[in-house]
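This structure is in structure tokens; I'll ask about it shortly.
Should a chain be cited, it is by its letter among A, B, C and D, assigned in written order, with residues numbered from 1 in that chain.
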Amino acid sequence: MDAILLQILNGLDKGSAYALIALGLTLIFGTLGVVNFAHGALFMIGAFCAVTMQKLLSLEKVALSETEKTPWGTPAEIRTPYITDWFGDFGTVLLEYSVLVSILLAVPLMMIVGVVMERGLIKHFYKRPHAEQILVTFGLAIVLQEIIKSWFGANPIPQPAPDALRGMMDFGAWMGFQAGTIVYPLWRFVYFLFAAGIIGAVFCFLQFTTFGMVVRAGMADRETVGLLGIDIDKRFTFMFGLAAVVAGLAGVMFTPIVSPDYHMGMDFLVLSFVVVVVGGMGSLPGAVAAGFLLGILQSFASMNEVKQIFPGIDQIIIYLVAIAVILLRPRGLMGRKGVMET
Amino acid sequence: MLEKLRNNDTAIMLAFTAMVLLGPIILAPFGAGYPDLLQRFAIFGIFAVGFNILFGLTGYLSFGHAAFLGIGSYMAVWSFKLLSMSVIPAIILAVLLSGLFALVIGYVSLRRSGIYFSILTLAFAQMCYNLAYSVLTPITNGETGLKVLSSDPRILDGASEGLPLPSVLGLRMIDTWRGSFLGMDVQFNVGFYFCAVILIIAFYISLRIFRSPFGLMLRAIRTNQARLNYTGINTRPYALTAFVISGMYAGLAGGLMACTDPLAGAERMQWTASGEVVLMTILGGVGTLIGPVLGAGFIKYFENIFSKINDNVLSGFLDFLPETLREGVVWVMGAFVGEGWHLTLGLLFMIIVIFLPGGLVEGFNRIIAWFSRPKGGDKATARVPAE
Amino acid sequence: MGILEVQNVNKRFGGLQALNNVNLSVREGSVHAIIGPNGAGKSTLLNCFVGRLMPDTGSVMFNGQSLLGLKPHQINQAGVSRVFQTPEIFADLSLWENVMIASFARRDGAYRLNAFGRVKADGEIRDHAERNLSDVGLASKRNMIASALSRGDKRRLELAMCLAQDPKLLLLDEPTAGMSRADTNNTIDLLKRIGESRGITKVVIEHDMHVVFSLADRITVMAQGTPIVEDAPENIKGNPKVQEAYLGGAHA
Amino acid sequence: MSGNRFTRRGLLKTGATLGVGLAAPSFFVRGAHAYVNEPTGSTVTLGFNVPQTGPYADEGADQLRAYQLAVKHLNGEGDGGMLNTFSSKALQGNGILGKKVAYVTGDTQTKSDAARASAKAMIEKDRAVMITGGSSSGVAVAVQGLCQEAGVIFMAGLTHSNDTTGKDRKKNGFRHFFNAYMSGAALAPVLKDAYGSDRRAYHLTADYTWGWTQEESIAASTEAIGWETVQKVRTPLGAGDFSQYITPVLNSGADVLILNHYGKDMVNSLTQAVQFGLRDKQVNGKTFEIVVPLYSELMAQGAGENVKGIYGSANWDWKLPDEATQAFTKSFGQEYGSPPSQAAQTGYVQAILYADAVERAGTFNPCEVIAALEDYEFDGLGNGPTLYRGADHQCFKKVLVVKGADNPTNQYDLLEVVSEVPVEDVTYASDHPMFAGGELGSCNPGA
């Protein structure tokens, strides 16, 4: 029982990341009809916002020591972070919370990245075939990740969570089980809440603002909305930026869980497309539900008891689900009937 | 004049054959005239030509063709292990087995079209890859890759002493005649010529398919599948046939990879490998005859030549520049070659898709049109379908 | 007994009764027009004939064979061809290739793997396609890419494709929509000529009464998913039910 | 040689059927050359085949720097590095056999196919006489097999699987790096001292051949000190998030987690295991411990402070006090501004050892070079007295047991050496069951 509960928690967590990425992908596909293979790269850039912030905060004043030497004989360097120099203890706290602080960097930066991407590249591909969209965004993804690699190297860069959020939560004690059996890292719980918050915010935005309503109308029928004299293009550009921000924030907050490296976007790319398809192309709730569902299924498939019966099932479960869904219910879990249902 | 030549099949075949057979000489000045890369040009040319029969003609974008390549490779190596070091049975078995897999996967995947079809093929291929890498290690030898051992049974050859090497008619695939031509080092390799002959045959078959009623039906599927149904054509078996044929081409390429280098690794089934053949086809020109071969050559050239250029080599190239300037140029160019070759490749994809959606073939067509405009008057620049 | 017998066909889309107990009999060799206001269910009915839609109840018999449950290509191979409301052609292919596909479908059936023959070397198919292109007056444009045609020419091309199959029954969904008066008259002449020379049964949906009364031997008027009148053209004009359906349809 | 007979038979057949009278075919042109790629000019070319893209790109870059340094030293430039401390004095600093050393580089992409393609290009196009490098066992085994077929020497880079010099050993291939068996043998006594002999171990293993051989080796040696193996779980390569594999550990009754992961997988699985509070846990009255049998400096950097106090093994560390290590670290640090990694050291040493063997053999002929390397004993290359065993082409030397430093002073100081396990303790018979099933075969000069 406790094993199952733990795997559900694991699944929720992984699912949060899948859901956030798939949400952005679906938003882009739904509004612009573009298959964006660079979306994983946006997630990765978000993660590297956290790295950048950490590096910025820990920028050091370098002085050469007169007495100490490195093992290879050059004078040793004495390093003091500027931030502690300037702010004293508050600087140390800032450094401690660098992951959270980097959200401040990620939101505007990802918005800019998204808007530039849409205006500079994607917009020219609305009417082009999917294959060409895939190719050009895939090329962009490679370029982005190679730029990150040449800057930050290929090795993962650790991003510790703040000390206060590093502990464990005892779910077992909450739910009346024996204490200590169902424990879960606090940061992962934070990630889940964060993801839930973002998803909620995006839905509210689309549901309750005029802007959101126009965009939803545009998703349903772009031409008609255009005829009403509404400049739908500007709004779609903003939607692309929003999708980039969502992916970026998913990346920022993910860094304490999986140390970011330049390739992490590609690792999530295939998976996030599967999530979108399982959820139903163009369905936002579907993307979210499928994200969580696949996360949980993947966790269950990794249990030893399951793997003993089906060896290797944990490596292919996602694909099996995708095949089953596409064949049996091509519009996905929550896709509208008739949308790309062939 | 050029237009006429381009529509004359005999001329196309003759030109193609000559280009391929003279490959070792033509490519030597570009540093690509060595057997391994030549073999790769031919093998991936076959792969891309086959992929084009599916994607270029029917428009079905498979993201899982690397699986058939891998299956072909494994089958060929198993044939080397169990039957004989001769490449003939290896290739035949590779083509048959990958055809069988293509039949099953295609039958299921073709129930859907568009992006769903792509995701289905991707899912099947990723399953093949993941299983081959881990659980199926007894069959695939996992990460290390399936190898030929001197202790394998090989019931047709009996135990041969020494290193077992794939051969055809007693000629080993790795045999090379090396000579010099106009001061260049040229190498004529058995493996390459074997692949080259098969490439020419494969290209010819593809040419005939393009010109055949079957090819016409496939192009009609891409253009308007519904109309074709209402015209009394059952489109699914046509698409499935195309899928199986292109799967067999992939298996053939995989088998040849094993023949020129008897080791089959799981990573050649990964989705990035499937993506690579898509890129080759689009880069060269989707739905054109020669495009996929050009695209394959282009990408393999980048992978093998650009990744080998290091700062040392760059400095050598730029010897004529003054010291300080040279360092700067080397630093800038260094970002795009050697460990930065991926960056160049990514930029290239973007540039080609943005400016030349018809691929390299469109580029050549534009150049030809540009040259013939002053003389030829109002020569039609309209797209000539399928070459 | 007509060549096409439709009995008790019903079709619902959610809350909308698109077809309500439709009965229809089309006599062999006749030109049968179906008219009615927008939303009367004419195109829906046609869709039930060619396998695009499956009626909820009822039967559609063609030449004594049920069409229900058959795939579109099977229905076509049985001898039913359709010209769509918006021209459905192979836009990337040349006119010739468009018609040749139909010729192949007629000769080789729903599937035949002929991967080594040459399309251009097949004289029988060439001539057949050529003849049908000339019939609709497009022979001179045979090497053009179909997407470059005018809307009227596209429709004629589609007609040529359908004719190339020598269908027993030709379904025409607004064959002159969007055409100029001259083109419309040409098309009427064409359809008349072909009707006489080949004896193909035709079902025509049309809004243009000029076309309807020029062509039809028999007219069915539909309103709100049901045929309300079926009669010869000369009797339709004065029928009060028809007038009511058109006027009533306008403010319903 | 058997290969030649094969060729001749083939030639007779073709000669009969085609009537072609060309010179005898071989992998490379015959005639004046007794072996493949015999250097005829004033230079000799070595091939450095390292990962430049993919997950091990940084490790590959470091390795490449070491190779470039080795070339400098061989050509008599720079301060000479470990050439000054090397027990053999055959190398003069004038290249190899008087020929200036040139090199070509290539990208393995950490894929067997790409690595073989790159190595083939070096052999066929650039006429390299020796290929070296690599950062994973799959690639090492694949390239080693290729070099055996082609008839050049392969000096393996970072490869830790038993198979490289076990069931996939080859006459033309040599490994300086240590292996999984040695890790187990070196770690077990230290673990016994640190954690006692009554422990229950849970293995998480990367699901491919290297992971399996390490799991087998570590399980065997920990069981030998009385530990019980509770569970062995395979994890897919590149899983990213390992939480679903880590949570079952919590309530499994195990009190030690052994992570048979490398690179990114290790960084992530270790980080996450620490996040799940494993190290704060008390099980069976003991503190829960984590062991990472194979460490690397880059992995330690990637895992950050999570490595603190965690045991593992290493081939070499730049902080070792011996003269050779100091000389190399000085030379490398002055050149590049950072201390060398163990991947760099093994690469450097392999290049030097090859050059030295050629010098001693007096020829580049692979068969003679192999003879010079086999059962060769040397010292002064950073690992103390070392033997290149002829029976399986594995180097035998001391193995380091290291621990994540508790208070690292800088980013290069993340690991501290706990003990230097003497060579006797990690030596095994060449037909040990974990290494059985392979045969070296005969040397192949490629001609």
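In this section, a contact is a pair of C-beta atoms (placed from the backbone, for glycine too) under 8 Å apart; a residue touches a chain by one contact, two chains touch by 3 or more.
Just so we're clear, the structure is a prediction, and the values are computed from it rather than from any experiment.
Averaging C-alpha coordinates per chain places the centre of subunit A 36 Å away from that of subunit D. One simple way to say how far apart two chains are is to compare their mean CA positions; for subunit B and subunit D this gives 33 Å.
Each chain gets one centre point, the mean of its Cα atoms, and the points for subunit C and subunit D are 74 Å apart. Centre-to-centre spacing of subunit B and subunit C amounts to 45 Å, using the average Cα coordinate of each chain.
Counting partner chains per residue, subunit C has no residue touching two or more of them.
Among the residues of subunit A, those in touch with two or more other chains are 315. With touch defined as above, residues shared between interfaces to two or more other chains in subunit D number as follows: 53, 57, 207, 234, 236. If you sketch which chains touch which, the pattern fits none of the simple shapes: not an open path, not a single ring, not a star, and not all-to-all. Chain pairs that touch, as defined above: A-B, A-D, B-C, B-D.
In the complex of the two chains, the subunit B residues touching subunit C come out as 208-209, 211-217, 219-220, 222-224, 226-235, 237-238, 241, 245, 382-383, 385.
Of all residues in subunit B, only 55, 61, 108, 111-116, 119-120, 122-124, 126-127, 130-131, 134-136, 271, 275, 278-279, 282, 286, 335, 340, 342-343, 345-350, 353-354, 357 touch subunit A in the complex they form.
Across the complex, subunit B is touched by residues 35, 121, 124, 128, 130-132, 134-136, 138-143, 146-147, 150, 270, 273-274, 277, 281, 311-312, 315-316, 319-320, 322-323, 326-327, 330, 340, 342 of subunit A. Residues of subunit D that touch subunit B in their complex: 1-3, 5-7, 9-14, 17, 22-23, 25-29, 52-53, 57, 60-61, 103-107, 111-114, 116-118, 120-121, 124-125, 137-138, 141-142, 145-146, 148-150, 163, 168, 207-210, 234, 236-237, 441, 444. On the side of subunit B, the complex with subunit D involves touching residues 31, 33-37, 40, 130, 133-135, 137, 141-145, 147, 150, 160-163, 165, 167, 169-172, 174-179, 187, 190, 257, 261, 263, 265, 267-268, 303-304, 307-308, 310, 312, 338-339, 341-342.
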